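The structures considered in this document are given below.
In what comes next, subunit A is part of two complexes: it sits with subunit B in the first one and with subunit C in the second one.
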Partner chain A sequence: MANSNNGPSIYNPFAKLNLRTKTLITIGLSVFILVIVVISSLFINSGDITTNFQAMNKPPSFEHFFGTDWMGRDMFTRTLKGLGLSVQIGAGASILSSLIAIVLSFIGSTNRFLDGVISWLVDLFLSIPHILLIILISISLGGGAFGVTVGVALTHWTSLTRVLRAEIKQIKTSDFVKLSERFGKSKLWIARKHILPLVTTQIIVGTILIFPHAIMHEASVTFLGFGLSPHEPAIGIILSESMKYLATGNWWLALFPGLSLLILVLLFDIAGENIKKILDPTSANE
Partner chain B sequence: MDSKYLIGIVAVIIIAVIAGAVLMGGSSTHRADDELVVAAYSHGGEPEAGFDPILGWNYLAEPLIQSTLLKMTPNMEYKNDLATSWKANSNFTQYTVNIRDDVKFTDNTTLDAEDVAFTYNEAAKNGASDLDFTSLKNATAKNSTTVVFDLNRPDSTFVDKFAYLGIVPSDSYNNNTYGSHPVGSGPYKFVQWDKGQQVILEKNNDYYGKQPEFKKLTILFEMNDAAFNSAKKHEVDVAAVPLAYANETVDGYKMNLLDTIDVRGLSLPVVNDTGNKTADGNPIGNNVTGDKAIREALSYGINRTTIAKGALNGFGYPNFDGIAHQLPWANAQVNNISDGNVTQAKKILSDAGWKDTDGDGIVEKNGTKASINVYYSAEASERQAIAVTLAEQAKEFGIEINAIGSNWDEMDSHVNSDPIVWGWGSTDPSTMYNQYYSNLSGHEYSNPASVNNSAVDGHINNAMKMDRNSSYSEWSAVSWDGSTGISPLGDAAWLWVGEIKYGYYVDDSLDISEKTALLQPHGGDIFSNIYDWHRVSSIEK
Partner chain C sequence: MMDTERLLKFLGKKIVRFVILLIFVILLSFLLLDLSPINPVKTYISNVVISQAQIANLEAYWGVNEPITSKMANWLGNVLQGNLGTSLIFRVPVMDVILERFTASLVLMLSSWAFSGILGFLLGIVAGFKKDTIIDKAIKVYCYILQSAPTFWIALIILMVFSIYLGWFPTGLGVPIGTLSENVSFWDWLNRLILPMLTLSIVGVAQIALYTRDKLIYEMNSDYFLFAKARGESGWNLIKRHGIRNVLLPAITLQFLGFSELFGGAVLVEQIFTYPGIGQAAVSAGLRSDVPLLLGIVIFSAIFVYCGNLIADILYNFVDPRIKEGENNG
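Let's look at the complex of A and B:
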């Protein structure tokens, strides 16, 4: 992302592109890979990842790119399915989080008392470790993918709420809002016509940047053994199971799923940062 | 940015985990040749309530710190231990046991008949729920060496209980403190318990039986991969590992696979869910397994040999009725069933009206889909493998099994309504009374499938009134008596799958005397023959 200034060469076709094109290409590529992961994982039925005890604990090969586990299941398909699940949970959680953040920050902007309540709520949620809260919420909802999604959603709205709240406060002091108030426009009208268009960028970028957090937390929770059954393909479960077999030298069980998770999260981060550049050009010069 | 930190943390964790695995090894704790360090123990790992037999410490296994009235021998007969002789009356409602008069507890008090009576009465009244003393009315000390056990029903299996319960001193016993400061008359005496880590025992020089060779015995509470790693680091003499590790080679160790009578199988509730609840409020019955055709199709359709080879890592042994094949009351007819017959399973289903009407590969009948949830304990990898393999196999003949990994707290509420992967096995035939006797259904883990078969009850009642050797035929008839029984030939009330083995990595310098080892019951009994263990050469440093 940051290599635009170190010695452009005429032999390097990438260097000839301007920042906007480069940014668009980066976004396109990362989104493309993410979409492929999600779509291909949707075509994998977890019932089809069958055991094959003739091929247990096989190292990576052309037949099994990521090797096989202790029940002879193909780790490539399991990882892909796990990543797909992560992205789905991440999507659910970040959209829910953003909705909560939008609603709360707009409610907070209506009057001083509600604003206090909401900042207090934000502080409250920030003061409890995320992972504890997620585990508590997902268990009280009966576990499963649903419990984990809601658990992650209910804990990740805080930072976006803070950003939106500050942004809205700033916009409310501007002249055109004051003018509209004098003209007798309702609060709802001002919120819709003046404030919302100005914070859309923040909302979109914020939502995308919640993704990596949500995915990481989903992986951590399933890693700790909460939420899903130990035979189901979730990335955290795969990683925690791999720990048991590292001692017997099965390094591929941890390496490839771990790397895939890392790349997935990185892709979201890259996409988010670049979308921010496009939508908010001033930040491109930071 | 915040997420960069997260990414960094994950990268570091992955690298650390892999580096840790690669660099595994390093310094090891040294032990002398006359000391044992063992990462193996019996059922359930570290005993929560400590080393109190009354609260469940090594109920089915050698209690080490305490001693028992009788001991099991490898040929499955009982020999006297604390007892010098015992007899039962003709209908097995009263037992009289004479005990040795020369036994002292490690606190130097004498073990007499009163201690024995106290221990049994206490166990029957306040004991842990997995101790089966429901038949004991009262134990009384007639004199210092004679104990009389009065039972409330005929129970020819009460002799088995004589081999299970370690005797505690009646004068100093306190159920709050005894577990962490146990006093007994066994081959070892208690020194120190580091909770969550280890227990250290020392040889009891006053022990009346055969003295073990090892002065000090340290039991580490390490499980699964932790035990395996300890063996790799040469820190232990014996490490118990799950079967999934049994094919690995560890330098300086040999793999000892001990035969067990420990069988894995699923309870299939035989009654329909009619809204009935147990006393604890848990649902009873299952509308899918309530149909005998489903249970039969599962029994004949699944391939136990494949499971023994695959899910049980080639160490399994197919089993059809929960009675391990080495036991004297194993049923030859049942053990000759041929399974893995998908065509037969399909035929059983279609004859009973189960048809695939919506083309999803799963059969239906009267709008009920042949879909069942099978719960397994997430801690036990072999149960997970069994559940997953069963799901794959059952799909072939149109039954959907959803495997659900869970814990016992959660499974408690599904015991009477959903199939659960169980492990059972002891040399005490009364386990069959617990599993199948009609009256017991709904009480904790007893008769989870709600079996209600008067012929089965009858055989159990008969067996309870007969002496051990003649009762075998009655116990065997519980499985199949020519017209009915719990096995696939009869009610197909349980889906028994296979016997497992217990795998122990044993240091090359140590001989654990495999030929005098007992058949391992459920949970294992590695210390059953610790008297015969022998250090054949010095430990390699």
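Let's look at the complex of A and C:
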């Protein structure tokens, strides 16, 4: 798009770079911040978050960026720890669910019957709202981090499977696949040479894009009281605790942890979308 | 035309499929809850002290110690007869609880569904049409942020701003305390509906707007669009004749597919605004181990979501001319 670069501002340091470099920098930056968050959260011991009744309910200051809660705990440390926890659960859940998606969509592409079975399975899992299903799975596994991770993983493979299934179906109707079929190429050859290269992008991007949903659903379910146990500093726990103190005007208890979660999710989204841009041949050369 | 016949056949197939699906949903959710450490007898008697013999009686009455297969068969048989059991926390038939709560939720969900759909579509069209301008960027940033925002956090912030700081709306409860249900005025009820609806609408806008934007830009890069431009069409007319007509149907389809997310959002929003809907009932049922109520809600949520999917399917298969042609050819 030649006309989209009209009038680059000289005040904008990014203006000189082309889109590809910009995209790479964006990916690098967001991944860098995410890594920093995860590593720093690993260095925080739960024991370090001490109660300090002399500094109860303090609004944000330079000493406590996010303020303190009613037990005098530093909210910044708690939030950071919670974010790390969220990323770990999100990673486990999204990798697990995209593995499920890949296996199922390729099984489904082999013949009509299996395709029917897979799409029926997708329908089954999509027919119950995610939150309810995660709650059910979490209850049945007795809650905790394990329950939530499995719950989120078992509910989030559907979107990627649908995408892959539709993509594969579409590729199969294309002329080059029909041509290969006429030439007598085997199904496996077509899957490997025609389909897989075209869906690799979807798989990588899909996995990264499951992340934000996984993190958000984990936080939501924890917020409702079905996820991580109340003594863990998860964002959902922090926010559900903050609800009790909203009426007394402790706005920072809800604002900052939620905002950090939003930024975390946003970073994953930005990273995912930009990786998609780089990997997708139709937009990589813009 | 063969279309009506095909539609009826399609619907028939869909309904049969749905009944089978629903049976599996019932079995799956029952299995999940049966695996859980919940003990229904303990929940039922809560803190009342009763003798060991009475517990044994209750267990025998409910068939706690029967094998899972016969428990499932019993439950399924009851459900098929329309008997969902009695809610353990409300102490009334599950059906009554669900009907009352679901009506309240439907009002909330459908109003915010329609509102967010229209607003999102318009924003998407504007953003796509004005691609790469400041308007487009503003809409995009707004949508990206909202898409990444946890629904319950947005709800908390809205509650904080409008109820606590501005004091415009009550902080919770469906109606003022002590009001009988028949004395609730329309205004009272609307007053409680606005904030949850606002939250759900704000959250729902993002997906549809971004989708519409991307789709419109995609259409704008197509050959026929270029040809239309070459013929001298431009501006709003071009978008209306070649853009919206191509984008509207997929966007509506997508919006119907969002029923599941909508329900999930409603669960969170109702919990925070203590709106007496199905979502709030689901959370209390889950937290307080009310198995019959939770199972009933799962069934009804599945029906709700399925209606959305069915409409989306019909739109996709019967209204979209491109798909219709594709199916006839291959």
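Rule of thumb we're sticking to: the second predicted complex is superposed on the first by the 246 of 286 C-alpha atoms of A that agree within 3 Å, B and C clash if a C-alpha of one lies under 4 Å from a C-alpha of the other, contacts with A are read in each partner's own complex, and residues count from 1 in each chain.
Keep in mind that, in the parts below, a residue touches a chain if its C-beta (ideal position, glycine included) is under 8 Å from a C-beta of that chain, and two chains touch if they have at least 3 such contacts.
Quick caveat, the model's predicted, so the values are computed rather than measured.
When the two complexes are overlaid on subunit A, subunit B and subunit C occupy overlapping space and clash.
When the two complexes are overlaid on their common chain A, residue A:S229 makes contact with subunit B while staying clear of subunit C.
By the touch criterion stated above, A:K277 is placed in contact with neither subunit B nor subunit C. Between subunit B and subunit C, the partner in contact with more residues of subunit A is C. Of the two partner chains placed by superposition, only subunit B is touched by A:L209; subunit C is not. Once the two complexes are laid over each other on the shared chain, residue contacts for A:K244 go to subunit B alone; subunit C is not touched.
Of the two partner chains placed around the shared chain by superposition, neither subunit B nor subunit C is touched by A:R165.
Of the two partner chains placed around the shared chain by superposition, subunit B is the only one that A:M71 touches, whereas subunit C remains out of contact.
Contacts of A:I139 after superposition on the shared chain: subunit C is touched, whereas subunit B is not. Of all the stretches 6-14, 60-68, 114-122 or 150-158 given for subunit C, the clashing one with respect to subunit B is 150-158.
In the superposition on the C-alpha atoms of chain A, the part of subunit A touched by subunit B in one complex and by subunit C in the other spans residues 212, 216, 225, 243, 246-247, 249, 251, 254-255, 258, 261-262, 265-266, 269. Considering their complex, residues 1-4, 6-7, 10-11, 14, 17-18, 20-22, 24, 224-225, 228-229, 232, 244-245, 248, 309-311, 313, 378, 381, 384-385, 387-389, 391-392, 395, 403-406 of subunit B touch subunit A. Listed in rising order, the residues of subunit A touching subunit C in the complex are 1, 4, 120, 123-124, 126-132, 135-137, 139-142, 173, 212, 216, 219-220, 223-226, 239, 242-243, 246-247, 249, 251, 254-255, 258, 261-263, 265-266, 269-270. Against subunit A, in their complex, subunit C makes its touches with residues 17, 21-22, 24-25, 28-29, 31-38, 131-132, 144-145, 147-153, 156-157, 159-160, 164, 171, 260-261, 263-264, 267-268, 271-272, 282-283, 286-287, 294, 297-298, 301-302, 305-306, 309, 326, 330.
Partner subunit B is touched in their complex by these residues of subunit A: 47, 50-51, 53-54, 70-72, 159, 209, 212-213, 216, 225, 229-232, 243-249, 251, 254-255, 258-259, 261-262, 265-266, 269, 273.
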